[in-house]
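Each of the two complexes below includes chain A, the first together with chain B, the second together with chain C.
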Partner chain A sequence: MSVRLDAISRRNAAGGLILDDVSLEIETGEFVALVGPSGAGKTSLLRVIAGLDAQSGGTVEIDGRDMSALPARARGLGFVFQNYALFGHLSVAANIAFGLRVLPRSLRPSRSEIASRVDELLDLMQLPGRGRDFPAQLSGGQRQRVALARALATRPPVLLLDEPFGALDPMVRKSIRTWLRDLHDKLGLTTILVTHDQQEALEIADRLAVMADGQLVQAGAPDLLEARPATSFVMDFLGDTVRIEGAVRGGVFEPEPAFALPVAVNVSDGPATLMIRPHDIDLVTGPAVLTPLATHGGFARYRVGDAVTVHVPVHVADRVPVTGAALDLGRGHLFRSGKSINTI
Partner chain B sequence: MSRVDAAAGKGSLNTKDGVSRAVVAVLAWVLALGLLVAPVVLVFAEALRHGGAAALASFSDPDAWSAIRLTLVMTVLAVAINTAFGILAAWLVTKYRFSGRGVLLAMIELPLSISPVVAGLAWVLLFGLQGWFGPTLARWHVDIVFAPPGILLATLFVTFPYVTRTLTPLLEAQGAQAEEAASVLGAGMWSTLWRVTLPGAASALASGVLLTTARALGEFGAVSVVSGHIPGLTETMPLHIETLYNGYQSVAAFSMAALLALFAILIVALRGLAGGRRPIEDGLA
Partner chain C sequence: MVSRTAAGHLPGFRLALASTLVWLGLIVAFPLAALIARPFAGGLHPFMHALFDPRLLAALRVSFGSAFVAAAIDLPLGLLLAWAVVRAKVPGHRLMDALVELPLALPTSVSGITLATLYGPRGWFGAPLAHLGLKVAFAPAGIVVALMFVGIPFVVRSIAPVLANAPVELEEAAQTLGASRSQTLWRVVLPPLLPAGLTAFGLAFARAVGEYGSVIFIAGNQPFRSEIAPLLVVIRLQEFDYAGGAAVGLILLLASLVILLALGALRRRFHHWIAA
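Right after this comes the complex of A and B.
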């Protein structure tokens, strides 16, 4: 089911604006990640969608229906909390069955139907036979899957996940990520995931919505954000960047450091900042001293001058000039006052 | 300092620590035995001074039976009512932030600091014959003071804080997340309270209920003021004990006292059991 957020704003108790005019459309079957540093408003937005917090302005529509006035329990969405919030006094099976058992009598499945649904979910979550255990007896990864099963028991069309991998160790995180994406596809869910880990978001989501200071900065597929970051913040947030200050004069960006080559651009004159991924920099022969650093992850790393680190794929490392280097910044992005002014 | 020196220094510190710990432990035991256990033992010894038969015989007095019955009925009613109100009050003050919340919290604790005699007097002033509502009640032939309803009111007043007081910190610690989880899963307010909030705080609730029971069984001061000491009608066990004692029926008095002490010991044991089964982690996992 599609989710449409229209001009959502929310003030905290002190009156501060924690969500500022956020509009976002999520299509049926889409997997969207809300990303941004802590305090950006990701979780606040998720809670507004779920109905746990009320927005101060704007509307939440799900499948074309305005949900703004409905409380959380009437929205019928799946929600997985950051710390899972399992019910410690209930068994795993009872946790999963909770959403079914509190349905009004006319909609509630029979006992046997509930039991078979619980078994089905335990199988789906790769936890067969663990129904009688209590949450405290499970590992972090298992608890997370129980929380997911509990959220999915009533077959909600929309699944909301608040930092679901936050408490897991890195190995488990990686495998559960792929598994979650498969689950999303298999069940035909519409999923909104909150994470502060851009790598995670890039791996799992169809589309990223980058947030900062309560605002939605840019939303788009990972390759779009990479190719056309709207602001220097988006560029910064999505990966390592090298930042070169300079100015545009007569259609040429002139970098401040002497060891960086000028770049022909198509923007008006004035100060500008060039940002570039370390692996997008090409090294050519030039005046700067080149200091080799440790090789890591298939990249040979060099320090150029005294500040810039360049990543060169190992298989082309033999083409790196040895006498001295200069930077070819042709694949960078140009920003003025933080806003993108041109893709070079 | 060499490693050997350091180890020796640590050793002597441990010995010193051990000695003072032993002293504290002995002191605690002496205090507990002297101030808490000895009186109870004495009560039983006095009750059994003329043998078990004499002690048991004292219960055959109809006034004794009436006192036991009245005490148990009052306790059951007071515990039931105050458990319900206590849960509501604890829930209200932890889950909602409203104006006057601090005042309400302080008021809930009032019975702990007010002398029970004052509380009893207040009821007499309200409902006694010379009191504000006395004449009206007399016209309707409703007896409150010097009758069981007055005893119930007095007991309710003194036992009001216990359930709320034990439940509130646990509900605060439990936080909102389990309840939020219940609400996104479709549970309404009551469903959440019964299925999530209270089970999560079960041990605290049990503890509060048992404290209420203990206090209700043993309350003397407030009840004494409103009861009128009518043997066989408005005397609870503690009041009856006083009457017996003042009438020099010491075996009967101590037998009744021993029975009351037995109830108390039972409650302490139950409370230990309830506290022993700790909820899994903090109710959240």
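Right after this comes the complex of A and C.
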């Protein structure tokens, strides 16, 4: 089911805006990763969508229906908390069955139907036979899957996940995320996932939504964000960056370091920051000392001057000037006060 | 809980352990041993005689019965009080919080006399109750009232910290799963309080079985009806029937021990709930 957020805002008790005019449309079947620095408002937004917190303005529509007046229990969305929030006094099976058992009698499946649904979910979560265990007896990754199974038991069309893999080790995270994406496709879900992990966001999501200071900064497919990052955070989030301070004077960006070449740009005069991926930097002959570093992942790495690291694909490494170098920054992005002012 | 050996980590642990055990022996074990030995000092016969005294059996029934009822009523009342203090934060909850321990600090005779006055035929509570035909003071119900009064601090203090530390996400998770308020209360909030509730019940019950001072002022103390076992100990001693007095004490001790052990065993069944 589609999710439509229209001009959502929320104030905290002190009156400060923690969500500021957030509008976002998510199509049925889409997988969106919600990213942003700590304190950006990701959890706050997810809680408003789920109905756990009320917005101060704007509307939440699910499948075209305005949900704003409905409490969380009536919205029927799946929600997975960062710390799992499993019921410690209930067995794994009873945790999973919870959403079915609290249904009104007329809608509640029979005992045997609930039991077979629980078994089905345990299989789906690759936890067969663990139904009698208690949450305290499971590993972190297993608890995570139980929390997911519990949220999915009532077949919610929309799944909201708040950093669900935060506490897992990198290997487990990697396998669980591909598995989650498969699950999303198999069940035809619409999913919003909050994450801090760039790899995770890129690998799992159709689209990223980037937040900062309570605002939605940019939303789009990863390659769109890579091509036109709206803020320096987006640029930083998506990969390694080299950051060069400088200023624009008369249509030319003049970098501070002497070993970087000026770049012709089309923006007004003033201070600016250029950000560029290490592999987008071209090396030309120039004044700076070039120190070779270890080769890694198909890139020969060099330190230029005493700060900047450049990645050069191994197959063109023989074209690197050996006597001395300068940086050609023509493929970088220019930012002023953290906001994009131009792609060069 | 954590069961690693502490001996290797704490300097002076063995010495501390040894002196603790010695003190524990002097303070707890010796008097208990004396209590166990004393009834048999004059041979088995006087003890058996004291044991099957119908007045003693009646007093034990009154004592354990009222202690059970009082602890059972204290449990929901204490839960409500704990809720008001740590969760609802009702106006004046800080004062309420401080007042909870007052029954422990008050000399029990003062509580007894106060309660007897309040619930007496012309007291604030007693008069309207008498109007309804209910007699509390100087009747078995008075014993329960007095025992409830001394037991409730234990219930509040056992339950409040658990309630205060219960993660609010659990209730939110229940809501997102479609649970109504009452379903959340009964299925998510209350069950984890069960172990603490058992502890609370055990403490309130144990305190109530041994309570003497406050009860005798309000109970009426009629043999076979509203006479508690601790009072019978005093009466036997005044009659110079030391074996009889000690026999009552021993029965109280053993019965309480059995009940507390049972509660402990029940509580251990919930160990796998901890730390989810």
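Things to note:
The rule is short, and it goes like this: the second predicted complex is superposed on the first by the 324 of 344 C-alpha atoms of A that agree within 3 Å, B and C clash if a C-alpha of one lies under 4 Å from a C-alpha of the other, contacts with A are read in each partner's own complex, and residues count from 1 in each chain.
As a working rule, a contact is a pair of C-beta atoms (placed from the backbone, for glycine too) under 8 Å apart; a residue touches a chain by one contact, two chains touch by 3 or more.
Because the structure is a prediction, the values reported are computed rather than measured.
After alignment on the shared chain A, the placement of chain B and chain C results in a clash. Residue contacts after overlaying the shared chain place A:7 against neither chain B nor chain C.
Once the two complexes are overlaid on the shared chain, A:316 sits clear of chain B and of chain C alike.
By the document's definition of touching, neither partner reaches A:258: not chain B, not chain C.
Looking at the shared chain after the overlay, A:307 reaches neither chain B nor chain C. When the two structures are aligned on the shared chain, A:87 is found in touch with chain B and with chain C. Shared interface residues of chain A (contacting chain B in one complex, chain C in the other): 50-52, 71-79, 81, 83-90, 98-99, 102-103, 134-136, 143, 150-151, 154. Contact residues of chain A toward chain C in the complex are 50-52, 71-79, 81, 83-90, 98-99, 102-103, 134-137, 143, 150-151, 154.
Chain B meets chain A in the complex at residues 177-178, 180-188, 191, 195-196, 199-200, 202, 279-285. Listed in rising order, the residues of chain A touching chain B in the complex are 50-52, 71-79, 81, 83-90, 98-99, 101-103, 134-136, 138, 143, 150-151, 154. The touching residues of chain C, counted against chain A in their complex, run 167, 169-170, 172-180, 183, 187-188, 191-192, 194, 270, 272-276.
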